[in-house]
Every structure is written in C-alpha cells, then in structure tokens.
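Have a look at the structure that comes next, please.
As written, the chain order gives the labels A, B, C, D and E, with residue 1 at the start of each chain.
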Amino acid sequence: MEQMVMNKLSYPILSTIIFLPVIGALILTLINRSRESLIKWVALIFAVATFFLSIPLFTQFDKSTYKMQFVERHNWIPVWNIEYFLGVDGISVLLVLLTTVSSILCILISWNSIKIKVKEFYMAILLTCGAIAGVFSSLDFFLFYIFWEAMLIPMYLIIGVWGGPNRIYATIKFILYTLVGSVLMLVGILYVYFYAGRTFDILKLTALTYPYNIQFWLFWAFFAAFAVKVPMFPVHTWLPDAHTEAPTAGSVILAAILIKMGAYGFLRFSIPLFPDATRAMVPAMLTLSVIAIIYAGLVCLVQKDLKRLIAYSSVSHMGFITMGIFALNMQGIEGGILQMINHGVVTGALFMCVGVIYDRTHSRQIADYGGLATHMPIYAGFFMVFTLAAVGLPGTNGFIGEFLTLLGGFTANKLVGVLAATGVIIGAGYMLILYQKVFFMKVNPKVIGLPDMDLREMVALTPLILFVLWIGVYPVQFLDFMHPSVQHLLERVSVTNIAEETNIARVFMEVIR
Amino acid sequence: MNLQLPPLGPIMPEIFMTSLALILLMADLFIKKKEVLAGASILGVLVVAYTLIGSSGSTFGGMFISDGYSSFFKAIFFINLILSVLISIKYIRIERVNFGEYYSLIALSTLGMMIMASAADLIVLYLGLELMALSTYILAGFIRYDIKSNEAALKYFLLGAFSSAFLLYGISLIYGLTGTTSIKAIASFISEKGLVGNPALSLSMTLFVVAFGFKIAAVPFHMWAPDAYEGAPTSITAFMSVGPKAAGFAVLGRVFMIAFASIKFEWTFLLIPLSILSMAIGNIVALAQSNIKRMLAYSSIAHAGYALIGVIAANTDGVASMMNYLMIYAFMNIGAFAVVIMLRTEGFKGENITDYEGLAKTHPFLSALMLIFMFSLTGIPPTAGFIGKLYVFMSAINAGYTWLVLVAVVFSVISAYFYLRIVMYMYMREPKIEVGTSKSGTLGVALGVTAVMVLAIGVYPKCLVELARAALSGF
Amino acid sequence: MLPELFFVYFAFAIILLSILVVTRKNPVHSVLWMLLLFFHIASLYLFLNAEFMALIQMIVYAGGILVLFLFAILLVNIKEEIRITRFIGAWPTGLTFAIGIFIVIFVSIKSFVLGQQGTYTIDFIKKESHTKALGKLLYTDFLYPFEIASLILLVAIIGAIILAKRRIKS
Amino acid sequence: MVLSTAVFTIGVFGFLSRKNIIIIFMSIELMLNAVNINLISLSHYLQDLRGQILAFFVIAVAAAEAAIGLAIVIALFRNKATAHVDEIHEMKG
Amino acid sequence: MKYYLLIPFLPLAAFVINILFGRGLIRDKAHWISCLTIIGSFIASIITGIDVINGKIINEDLYTWIVAGKFSVSVGFLIDPLTAVMLFVVTGVGSLIFIYSIGYMHGDKGYYRFFSYLSLFIFFMLMLIMSNNFIQLYLGWEGVGLCSYFLIGFWYEKKAAADAGKKAFITNRFGDFGFALGVFMIFLTFGSVHYIPVFSEVKNIVGQTVNILGYEVNLITLIALLLFCGAVGKSAQIPLHVWLPDAMEGPTPVSALIHAATMVTAGVFMVARCNAIFNLSQVAMNVVAIVGGVTSLFAATIAVAQNDIKRVIAYSTLSHLGMMFLACGVGAYAAGVFHLYTHAFFKALLFLAAGSVIHAVGHNDIQRMGGLRKYMPITYLTMFVAALSAGGIPGLAGFFSKDEIIWSAFASGSLVGKFVWVLVTAVAFFTPFYSFRMIFLAFHGKFRGTHHEEHHLHESPPVMTIPLIFLALGAIGVGWVGIPEILGGGAHFAEFLKPVLGHPEFHGTHAQEWGIMGLSTTIAISGIIIAAIFYLMKTYIPIKLAQQLSPIYRLLFNKYYVDELYHHILIRPILWVSTRFIEGITDAKIIEGIVNGVPKTIGRFAVILRKIQSGVTQHYAIFMAAGVFILVALILW
C-alpha cells in the first residue's frame, strides 16, 4: 500500500467520472428520440455534473507526492488477478480533468450541428468520454485495455455516422490502424502479465525489472499501440482523415483527449516498464518526433482544407510532446504533459472554431473563406487567440509547453532541439497563412451575411481562452501537479538495471551523433 | 447369465433427452400447433439441464463419463438448443417447414453431442458423432423444396461421411495398436508400452485430427462449412455453427488431452498449422463475401482457429479457455444469427449484406444489438468476444506460444474489417430498400438473452471463467 | 498353406472388385460388382472366425443397402450415364492424393504393432459360439452403444421420411 | 492391413473422382468396408471382440447413412433432376 | 510600494478594457484609456528613473512562472540605468505617438482595436525591457512581434498589409529560433536563465567548448551568436531585414512607434543587456560589428533610390539600427544605446511627419508630392529638424550619438573597427543625402500630384502637430545629456550607463577625435549639399544618373533583389518539397500506399482464395484428402 493513497473523498470520484457519463448514456436510451432538446439537456447536465464532481481532483490533489491518489480498489476477476483498480497521479490527473471539460464542450458545440440520430450521438459522446477517463485513471492493465478499446466503439460511430462525405474510409482506417496497434499491445500486456507472475497491477509491474531483450520487444509492442494513437510519424495518416471527416465534436475528442492516450501510454507504461529499452530507443524516438514535427509542419503549409491543416498541425504538436517525453528529463516530460493539456485545449478549440463556421457554410475549404474578420469580428478574435496559442506565443499556454519540450529535447540532444525548433518557425508559417487566408484579405462573397458567434458558442469557447491564458501566465499551478510523479518516473528510468545494450541501439546512437 | 443394469444416475440427462426427443416425435402426431412443441422442447431441455446438476461419475463399464468437462459442454449444447429453438419458431413458419420432427431432430442432434461430450470410449464417441451428424444433415436439408438447402445437406452429408470414414480408420488403427477403445486405457497403454513415436500411432492421431477438424470446420477440412451454412435454414445454421463445433471441440479436447497426452508434441504440431490456416482463410475470405450467412460461416471457421489455440496450449488453462471461448461464441454467434433471421420475412431473404444498409435508421434497436454482436465477434472490449480471445491468448502465451498469439491478433484485426462492415452498412449508409423484420416474442427473448450475456460476460467474466476452470478440476 | 492361398485370392479379388466398382460406367454394373465384392468380404470374415459378421455383411449390405442403391439408380438416366464421362474433371488430382494417402498410410502401418491380447481366444469363441459371444457382449458391456445405434437408425427413418416426402405444396 | 488400406484408398479415389452421387455413396461404403475388414482382422488377431462389435455398429451406421443419403439425393433430384455432383454448385465462393 | 509595476500593467489594463468593451461601450473613446494609461506609465517611469539615478536598482521577482526540475524562472523585474533609459524612451516617445494617433486614426473603423493593440504593444515592450531573465525577455520579445503583426496588418483587407504582417512575424521567428536556442544553451551552461547569475558566472566558462556536429565551438561565442540571431531578426539586420520595409504597410504611428523608436531597437537593447556575454567573445563582437556596419551601408544605399516616403525612412531606420549594432560590436554599448535613445526621437519624428504628409496627400509616393512646404509648415519644419538630426549636423541630438559611434569604431583599435569605421563614414554621407532628397522632393518645388489631391492639402490638426513639436524639441535637445568631453560635455549618458555597460577602451588621441568629428560633419554637410544640387537645382542630374547607371539604380531600387532571392531559394523550394514531395509522394504514395496497399492486397487475396471454394463437392473432398495427405506426411517426416 505504500505506493498509493486511498480515496478520502466521500464518493468514489474516479468511478463517478467514468460511469456517470455511462449512466447518462443509459438514461438517454430511455428518452423518446423525438424530444431532441431534452436529450441535449440531459446529456449536458450529465457532462456538467461529471465535471463538477471531478473538481476535487484539482483541489484535493496532494501535490507533494508521487503516489497514486483517489485510489479505488476492488476485486473484479480474481481468477486472473484482475482488479478494478483506479487512481491518479500527477501525470494523469490533469488529463482526467481535461476529459471532463472536453465532454461539456463537445456537447455544447454539437448543439445545432447534429441533426440526425441525435440521441445516439450524445450517447456516443458520453460513452467515449467516460471510457477515456477510464483509460487515464486505470491502474490495472486489463481494465486499462478494456477502456482503451471500448472507447473505439462509440468513436467509430461518431466519425462514421455523423462525419463528412468520405467518412467511411476514414473510420475504417481509424479503426484498423488503432486495432493493429492495440492488439500488439495486448500481446505485450499478456506477456508482461505472465512474466510478472500473473498480475495486471500496474504499480507492481512497473516495479519489476525485465531482461533487456524482453524489454526491447515489448517496448515495440507497446510502441505500436501508443505510436498509432499519438500518432507518431510513419503511422500518422489516419489522423488527418479521421479529423477531417469527423463531426466537430468528434474532432475535438480526437484532438483533445483521444490522441493523448498514446502519449500518456508512453509515460505510464513504456517508460517505467521498460526503462532500459526506453533509454536505448531514445534516439529513435527523438528522430521520429523530430521528423513528425517538421514533416507534418511542411505538409500543413500546403493544405487547402481547414480541418486537414489543423489535423496535420496536431501531428506536429504531438511530435513536440513525444520529443519531450523521450528527452527523459524533467523539462521535457513536464513540458510534454503540459503540452498535452495545451494541445487538448488549443487544438480542440481550433476544431470547435472550424466547426463554428462549418455549421454556417458547410465548407472546409480555405479558399471558400476570406475577410471573415470583417464579418465575424468576435469569431476572429477567438480564433486569433487559439492561433497564437498554437503558434506558441509567450503568454499563452502553447509557449510553456513548447518551450519546455524544446528545452528538454535540446538538453537531451542538441541537434534534435535545433531541428525541432525549426518546427516553431514552420508552425508560425502555416498558422498565420491559414489565419490570413480565412480572416484577412478581400471578403469572399460566400461569407457575407454570416452571423457572428452566438452565446452558446462563446460559452463553449470562452473557458478555453481562460485556460490558454491561465496556463500561459501561471503554469506553475499545473506544473506543480507533476513534479513528484515525474521525478519518480525519472528515477525509475535513470537507474541502469542491465549493463549491456544491443547493437541496434548503439547503431542508432551513432547515426544520431 | 444375468443382465444387470449398470447405474443410471450419471446418464440421466441423456435418458431424459432421449425421452424428450421421442415424446416430441410422438406428440407431433397429435398436436397441430407446432409452437407447443417448441415450448415443450425448451421446457424439456430445462428439465434435462436440471438433471445435469450434480450428475457425475461414469457408468456402462466406463464408456460413459459425466464430469465437469462434459457438463460444461452440455450446458453449451442446451443453450444452443434453447436459443436455436427460440429463433426458429417464427422462421420455420416463414419457410413453411413447420414440422414437429424439426424439434425432435434438434433434440436428437443435441443428444448426439451430449453423448460425444461424455464419451469415454471411442465406439461411443463414434456413434454419438454419427447420431449428431445424421440429425444435422437432415436438419440442413430441412427445407426440402429449396435447392440450396438440398445442396447444403448433400455436401455436408457427403463430406461428413467421408470424414467419418477417416475417423473410423483412425479408430481401427488405434484399436489394433492398443487392443482397446477406452480413452483412458489407450492413454495408459501408449505411455506404458512406449508407443510414443510410432508412425502408425501418429497416423491414427492424424486421422482423428482430420475428423475432428472436419467437425469444427478447421482449414483445410472446412470446405463444407460455407456452403452448408449458407444453404441450411438460418436457424439450423445458427444451431450447427455452435453445437457440432462445440461437440467437435469436446471430443478433440478429451481424446487429445487424455488419449494422446503422451504425444502432445505431435498433435500440437499438427494443430498449429490448422489453427493458423483457419484464422487466415476464415478471416480473409470472409472479406470478399456478400451473403451474411456465408460471411458468418467463414467467421465461424476463423473462430475455430482461435479456439484451437486454446487446445494447442495443451494445458488445463488452455482447455478451459477453449471451453470459455465456445460458450461465448455460442452467445454471440446465435445472437448474430438471430438478427439475420429477423430480416427474413415473407418473400424476402434478407441475407445480402447490402440489405443491412441504413438499418439503423429503420430499426435502431436491432442495429444496436447487431453492433454489439459484431464488435463481440471482432473481440473488442467490453464485449464477451474479447474475454474469449483474451483467455485463449493468455493460455497460449503462458504455454509459450507468443508468436502464435501475434499471428492470431493480426488476423483478428483483419476480421474487424468485415464485421465492422456490417456496422458500417447499418449506420453509415442510407437505406435503399424497405427492409421489414419479422418480430416475434421468442426471437426477442433470444436476442435479449444473447445481448445481455455478451455484455455481461464482457464486463464481468469472473463467473464463466471460474466455471470453466472448475469444470476441469477432475479432468 | 491353403488358408494363405485363399487369403491371397480373396485379397486380390477384393481389390480388383473395388476397382471395378468405382470405375464402371454403368451404375448398375457397379452395384453388381459391389455385390460380388461383399460376398468376398463376407468370405474373408469367415476365415477370420467371424461367422456372425459375415452373415450381417451378407444380409445388411448385400440384401439391404445394395437394394436401396439399386432403387436409387432407377432414378438416374442410365443411358445418359453411359454416354457422359464418369469422372469429374479433377480426377487426376483425386487419384494423386488417393495414391498419396495410400503411400503414407502404407509407410506408417509398416511399423504397426499389435496391442494387448484380449481374452476372447479362438478356442473360447469356438466354445461359446461366435454369435452368442458377440450377443452377450452387445447386451451387457456394449449396451450403451447399442442403444445409441438404435437411435441412429431412428434418425435415419425420420430423415428418410422427412426428406423423401412429397412436397406439401407445389 | 494392406488389403484394407488398398480398398480404403480405392474408396477415397472413387469418392474424389466420380460424378454420380450414387457411386460416391458406394465409394463411401467401400471405405467403411475397408475399415470393417481392418477391424475384424484386428479383432481376430487381438483375440478381442470389440473390433467386431464396432464393425457391427459400423454396418448399422452405414445402413442409416445410406438411407439418409439416398433420401437427400431424392429430395435434390426432385428439385434439380441430376445425380451429378459437379452440376450441383448453387453456392460457392 | 512596487509602483514600478504600474509601468507595464497600466497599458495592459488599457488593452483588456479596450478589447473587451471597445466594440460596445467605448468605441471612439478608446484613446482616452490608452493615452491616460501610457502617460501614467510615463510618469511612473520618470519616478523610477529618478530612483535609479539616485542609485536604487530594483531586481525583484513577482512570482514563479515556470518550474520544471532544475529549470525555474520567475516573472521579475530588473530596473537599472539601461532599463531606465529604455523606459524613458518607450513611455515618452510612446505617449507622444499615442496622442498623435488620436488625430491620425480618427474615424477609422478599427479605432478601438488600434488603441488596444498599441497598449498591448507597450505592455509587451515594457515586459521586454524590464525583465530580469531571458524567458520574460522572450515573452516581451514575441509579444511585441505579435503586436507588430497585428498593427502591420491592421488594414487586413489589403493583401499587402496582411502579407507584410505575416512576413514580419515569420521572419522574426527565424531570429527567435536562434534566440531560443541561445537561451537553451544558457540554461544548459549556467542552469539558470536569470540575468544576474548568468552574467556573474559567465566569466567562469571562458574557453569552454562545445561539440556541434563534430566541431569544437567556443561556448560563449556560440551563446552570443545565437542570441544575436534574435537581435538580427527583431532589429531587421541583414539577412533578416526584409520584413521591415514591408512593415510600412501599417499605419504610420505604428511605423513610428514600433518600427523606429522601440521594438526594432529591442535587439540592440538585448545585445547591450548581454554585454557581459558578448564582451567575452571577440568573434561574436566582430560579427555584431560587421553585420551592423554592412546593414547600415546596405540600407543607406537602398534608401537613396526609394520613392515611397515611408520606405525611405524605413531603410534609414535599418541603417541606424546597423550603426547601433556596430557600436555594440566595437564595445561601445553606451554609444549604441545613446544612439538608440536619440534615434527614437528623430526617427519617430520623421515618421510622424511623414504620416502627417500622407494624411494630407493620401499616398506615399514622393515623386507625386512637391511643394508641400507652404501647405503644412509645421510638418515641414519639424521634419527638417529631424532630417538634420538624423544627418548628424552638429548640435542636434543625432550628431552627438552618431559621432560617438564613429569615434568608438575608429578608436577601438581593431581591424574590424577600422573596417566598420569606413562603412559608417560612408553612411554618414548617405544619411543626410537621402533624408534631404526626400524632403526636397516632397516639400520643395511644385506639387506633382493631381488637382484633386492638391485641393485637399492641409496642415494636420493640433493633436498631431503638437506631438511633432515635442519630438522636434527632443530631436534637438535629447542629445545634450551625452555631449562628449572634448566638446565640454560630461558624457553623462555614458557615465550613467557605465555600471551596466562598462566603458570601452579607446585607442586614440583627442586630435584624432577632433579630426574624425570634423570629417564626418563635413561629409554629412556635403551630403545635404549634393542632395540640394540634385533635387533642388539641377533636377535632371538624378534622372540622368539613373539612366546611365541603370543596373545599379535598378539594383538599389529593387533592394538588391533580396526578397526575390528568398522567394526563390527558400519559400518556393519549401513549398515545392511540401506539396510535391512530402504530401505528394511520401504521405500519399509511400505511407498511404502501404496503409491502403496492405488491406487491398488482402482483399485481392480474399478474391483469389474465394475461387477455391468452387461449389463442387469433390473439389472440397480433394482438399480434405490433400489435407490428410499433407498432415500425415508432415507428421511422418
């Protein structure tokens, strides 16, 4: 019990966060499908309630320890030593909160844009958010995997049913891509399970030492799952399609929380389980991250589709995150975690912004816009703030994360830092080109007469602006959550357990140098 | 000379089942309303199931054995029977083959399976197998005015007879080698007399693999399955995609784990390619199907491949995982077939995958159920299909077959493509034709039960897993 | 010496007759060859001290099953049957694998060893009479399979009735 | 043993190659007979009656099979009017 | 009481109020809030400045900003003499420009927006100069860049304006890239990014090297050069100067405030601030000096051939910024900062006067002006003063600072010093020449525009002219605090800054100093005279010259084709690579090829395998037999 602090609150907070949306979805099934506004309100109420019940995570979290907190632990399938084991530490707590916030925003932003199968849509949103919260708070590998995969089902429907014209291709790609990754992870999980003597307890598993060759293979098995989700460079192509075709809320979920699962996986599993393999693979990981940053950035420069551009920018930003994580130092990892939050807020917000005009014009083509700043000034203002945060302007949250990850990357390897920093230039390039083409210049006749944002949309987006500035100006409040946990993680990874490293790793090293 | 009856306690379920079948046969003559027979058969099976509880031991000079293992399989058979009957009632009326013999044949076929599961002697095993098979052939050809149904029966029959000839040849060889047909005696004889490595023994074992491989529709003995499944009445397709397969696994497990325990290496060596090929062919060819029954046939081939992995693991856990898998497969597969059957209405087959286009719009609840079954067949949590696969994989990894599991998971990803294609048609396409459904209470019950079980096992597999393991305690 | 000679004769005759059965164009001929084949097999059983089995072979096979076949053949247009090829297109493949199976089985049964000897020596059977011994066993130790076999026959009856019944509606 | 193997294989060949369903049935009977030869001779050499009993059952089953098989053929014949296997391929793929 | 906090946060408050309520409540009263707050800041700056003069140096952390492991940085303020000078410049000149803007921007539909951006800009600029660490510096640094982006693209519907804003931002990002790396190196080296620990530790790392791609590079040089990259971007030095001329698309007060007086000098400020680092690397110093010198001359020559009144001034700004760097490069930081300080006044004045002209004429082309003197005398007069000051005519502010730079360059004693001295002396000729070319063309002679335009010519309203007059006074007088010793002054300015910037060693005699001063003055005056000859008397000469030297003229007119060069070697290849190669081949063909190819192959496989299922029973049986055969063979073998 030394590694955890039981839940001291009067209610099982993590279970509530996971299952309240699920209950909400079940209640929705009982509502007649013709009563759409009731459906929306019920969904919203559940999301908001979940959020309010999740606030103690923020306020009651003990920032002085790396131990798992708010732990809930019950027997589940004793035959296999599977437990219902939840808990959060500094790495995951913010992501859980991000999830609860996102679910509210997703519901708000879809209020008018979803017109068919309304009931199913809100059910799917609630289920997805519940499952993702489960992913972030599971401490049992089996439970984790259940949530990890269960999330796919509603997500599949969200993209496939309410998506754009090419949605079927996108969903199939999404599901197959992620499945390939996660089944390999499943094999890895089972292997670890037996190696560790039949336990799925993550805390126990991460305390063990595995022989190097096992670490090596398992690292790649887990990598397959996480890299696809992140997505890292060569396996990123599902993301643009999925993002582009998904409805706004789907894109928001994807961008804000779903792809964080990958990065979270690296932190929670890959690194502590396989510290030696991780260390050996750092050069490869950093290389892939840097490629992602630059490569996706360059692709962004020439995109003609708004959502596609933001999707590729996500790939680029996630490159920063993985770079930070695999820099294996405080700056990098904390920056990576913070950047996960930031990216969730900012890219989620950008997708919501795109959704705002998509609802009005039903076009995602950049060429169909122009001069919006004149006709929708408030909207332009909102979009600008998020653009700047995406660009990483100091004072916004984007800066803190990007700077820390870059610093981490630079500390780990100078060349990596330098190359990644060029991503910042490219980032400014594509975001400003986008902004210019959409908001500045001659007014496109197609946008004349569009109404500016309404109250609902502002209510949905304003909190995100506050987050942008809050994290930008006073990030310490968020960083404080992470220090002990990240410190603990680094101690784990810094101790060499096995002297020898394979040649592959060494070759990688040589190439990088 | 005195004819003394052996103790009948352990064999009560079989006796009751026989009586049930015979009563049904008789009652058919007097009862016009055949639904009553359906009800009677379900009630009867419940009684039989009740007698199953606590029955254990062996009788008839050790030819019959009732243990946890056989009881577990019998439970699968009963579930299979009940669900099949539930989904049949309306269907066979639509197909105009509403005869009383239908139910008694199902009962007899189930009896055959029960005999197989309890067989401790190869003679009994063979006879049980034939009883099951012959009944199933008839059931497959039950729609006798339908050429497809005839053809299904014919192909199933011909190839079935072919395979049972191989089985017999294998039995004759092992009989010659050991001088006995009792499974336990064979096992002890092989290990005592040092027959391990004898080519004739290997040959005999291989012929067993062939025959059982045929029953479980493992590649390359699967060829009958798609045609028979497609042509047979849908309810029977559901019935025979679960029952005979499970029975096949039951004897496979018993014969190989006990009789051939000492040449474990050899038969795992044979089963591995079978398993891999089954997964490969089943999953890949299913991609190209346009008839949903045929697709489910290929899927059942693939699932046989997964369940085989459990046998390959060749330990208690492995067998337990195989049993667990079959139980879960029974629920999810019959569930899927129940949906297929619902689409069969007067004058409309509803077997094409395109018939599912836009189903979610017209029948949202039905589509949601189909979605659950499809995800379960794919093996995505939190459905039962995942638990089934997981347990199989766990046991295989524990037995050191990590690479086999890797292959299996890759194929399971491929399978996602065609299962989810159904979901995609239902949810993401617009309906092109008006598709009606044949609603009936019993069908609803079947759907409800299967869906609830699929989800319940998916979330709380503890009971089932423990049951499967406990069933093996005396194995 | 003589029994061996007889055996050799029967063996060759059986093989020859089998080949004739599967290769004759006219199905009626096939059936007739088969009849002959069954007689030979029955005789072989006699050599192996299985009088009852020989009898069964004659009655059930020759008397029952073959007549059934003959009836079925009446359905078939024999003229057409004689005209067309008797094998399917892929018969060489079939032959190949048949020979292949023969070879592998042959190779493996070379190392065949007999299992443990039972208690029913020839003398014992002679003393008891074959039929009696068999009958005793069937009704005692093998009662269970016997019952199952009865069910199988029942199924056969039901099946034959169901499937061969005239259709109810046109 | 060799004899039975030979008969068995000939049965296999007949099964694999003949067009006419009736003759295919007969091939199956050949295979079963081969098994019976095997069983009875083994029973003889083993001085054990099990083999003969099994053979007895095999004959019974063979009869049942023949009945059902022919019934299926008749049903099929009514619909299709052919006794040639290679003409029956409604379902494939 | 931390009253100095008012300095940055008053403008911030103004920004917040204006941006939130500008559209609804405030509308055209936005200037009140902005102007009052900046004047408040100005007063606070003066008070703070007096404190500093009295020797009180403030270095306080407000709160901890970012912590991650060893990395810790605060939001904190350092107010020393250098900061005080900058505060004075920013808030002082800023106040005047704010007031001027009231008139200039009157009636614009983005009025409130303009003032809120200006306030925001001032906030960031103040954060930049008041920072006590590199990260906060960076915050201000990027922040002012952002405001510059907003304000250049203020009239966003014009493509040129939007483009220019974007170009400014992205070009600056190139510089910031280097700067950020510099900060990383500082952190890696010193474990801190606060000025005081860094500057006090920098001595300890002299001679340390770091391995970069196999080369051993001096650590300090590396840090200094990386930091200087940022300065190059922000202060628009070669090769990142391209954004500044384009930035003239913004409203003129913006050009005056951001692109002349304050933001662009941030680079100089930063180099001066980091003098402790730069001083320890001769290489870096030389680079600074040479880049400054070359830019200075380069820009000055371009300015000669430009016809856009604001572009002329913009190139002039480039040129002067170059001189400031040059001064820093030869170690005379004080001289550089001094020039920064005087430059702020006269260059802001030039811009504002030019703005006044544009306000009247309605366009920027000096070829279509002329004779404006009689319509707008105050503008003419103030601009004349500014030009004289910029040209370095003795007695005016520009003279003292420029002269000190020239002298410092000469007296630094190094070869590089001599080289840049030659450059800067040449610049001394061009500066008055193009300044007066502009004045003569615009204000003298006959009006060359249309009648319609002539009809509208008028002097600007007092709200614009009064700031002009104040700035003119500044352009004359602000240099007097730094009169060098040989002219009887006390060089108070340099003394004031000495605790921060130190004092360079001069290798020269008083006689030489006199000589240099005389020489540059002579050159400057001759520049004016030649301009007068060319553009007042014999106006055919420049036309003829332009024809005869047409290649050179075109080269200058087209700004040495640098923009085109960048377009061809940088932008087009990148876009080409992105579209054709990365998106077109790698992403679409290779990765997607694999991603889609695998399922397709499997699908094709499925179709083939399907055919095996022929429907003929015996084929199935053959497969089974084959299976039997293979399995048995397998087990036997």
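We adopt the following convention: a contact is a pair of C-beta atoms (placed from the backbone, for glycine too) under 8 Å apart; a residue touches a chain by one contact, two chains touch by 3 or more.
All values reported here derive from a predicted model rather than from experimental measurement.
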Among the other chains, which touch subunit A and subunit D together?
B, E
Third chains touching both subunit B and subunit A:
E
Max Cα-centre separation from subunit C goes to chain E
Please tell me whether B-E or A-E has the greater number of C-beta pairs in contact.
A-E
Farthest from subunit B by Cα centre, which chain is it? Let me know.
E
Point out which chain occupies the most central position, where each centre is the mean of Cα atoms.
A
Take the average of all CA coordinates in subunit C, do the same for subunit D, and state the distance between these two points in whole angstrom.
8
Could you work out how far the Cα centre of subunit B sits from that of subunit C, in whole Å?
31
Counting only Cα atoms for the centres, state how far subunit B is from subunit D in Å.
25
Whole-Å separation of chain centres (CA-atom averages), subunit A against subunit C:
70
Set of subunit E residues in contact with two or more other chains:
599, 610, 613, 615-619, 621-622, 625-626, 628, 632, 636
At which residue positions does subunit C touch at least two other chains?
88, 90, 93-94, 97-98, 101, 104-105, 107-109, 112, 114-118, 142, 145, 149, 152, 155-156, 159, 162-163, 167
Residues in subunit B with touches to at least two other chains are numbered 123, 127, 130, 134, 137-138, 141, 144-145, 153-155, 158, 162, 173, 175-176, 179-180, 199, 202-203, 226-227, 288-289, 417
Pairs of chains in contact (touch as defined earlier), listed by label
A-B, A-E, B-C, B-D, B-E, C-D, C-E, D-E
Mind listing the subunit B positions that touch subunit C in their complex?
1, 3, 6, 11, 18, 25, 60-61, 63-64, 96, 99, 101, 104-105, 108, 111, 115, 121, 123-124, 127-128, 130-131, 134-135, 137-138, 141-142, 144-145, 153, 173, 175-180, 189, 193, 195, 198-200, 202-203
Subunit D contacts subunit E in the complex at 12, 15-17, 24, 85-86, 88-93
Mind pulling up the subunit C residues that touch subunit D in the complex?
11, 14-15, 18-19, 21-22, 27, 30-31, 34, 37-38, 41, 44-45, 48-50, 52-53, 56-57, 60-61, 64-65, 68-69, 71-73, 75-76, 81, 84-91, 93-95, 97-99, 101-102, 105-106, 109, 112, 114-122, 125, 133-134, 137-138, 142, 145-146, 149, 152-153, 155-157, 159-160, 162-164, 167
Subunit C partner, complex, touching residues on subunit E are 616, 618-619, 621-622, 625-626, 628-629, 632-633, 636
Residue positions on subunit C within touch of subunit B in the complex are 104-105, 107-118, 136, 139-145, 148-149, 151-152, 154-156, 158-159, 161-163, 165, 167-169
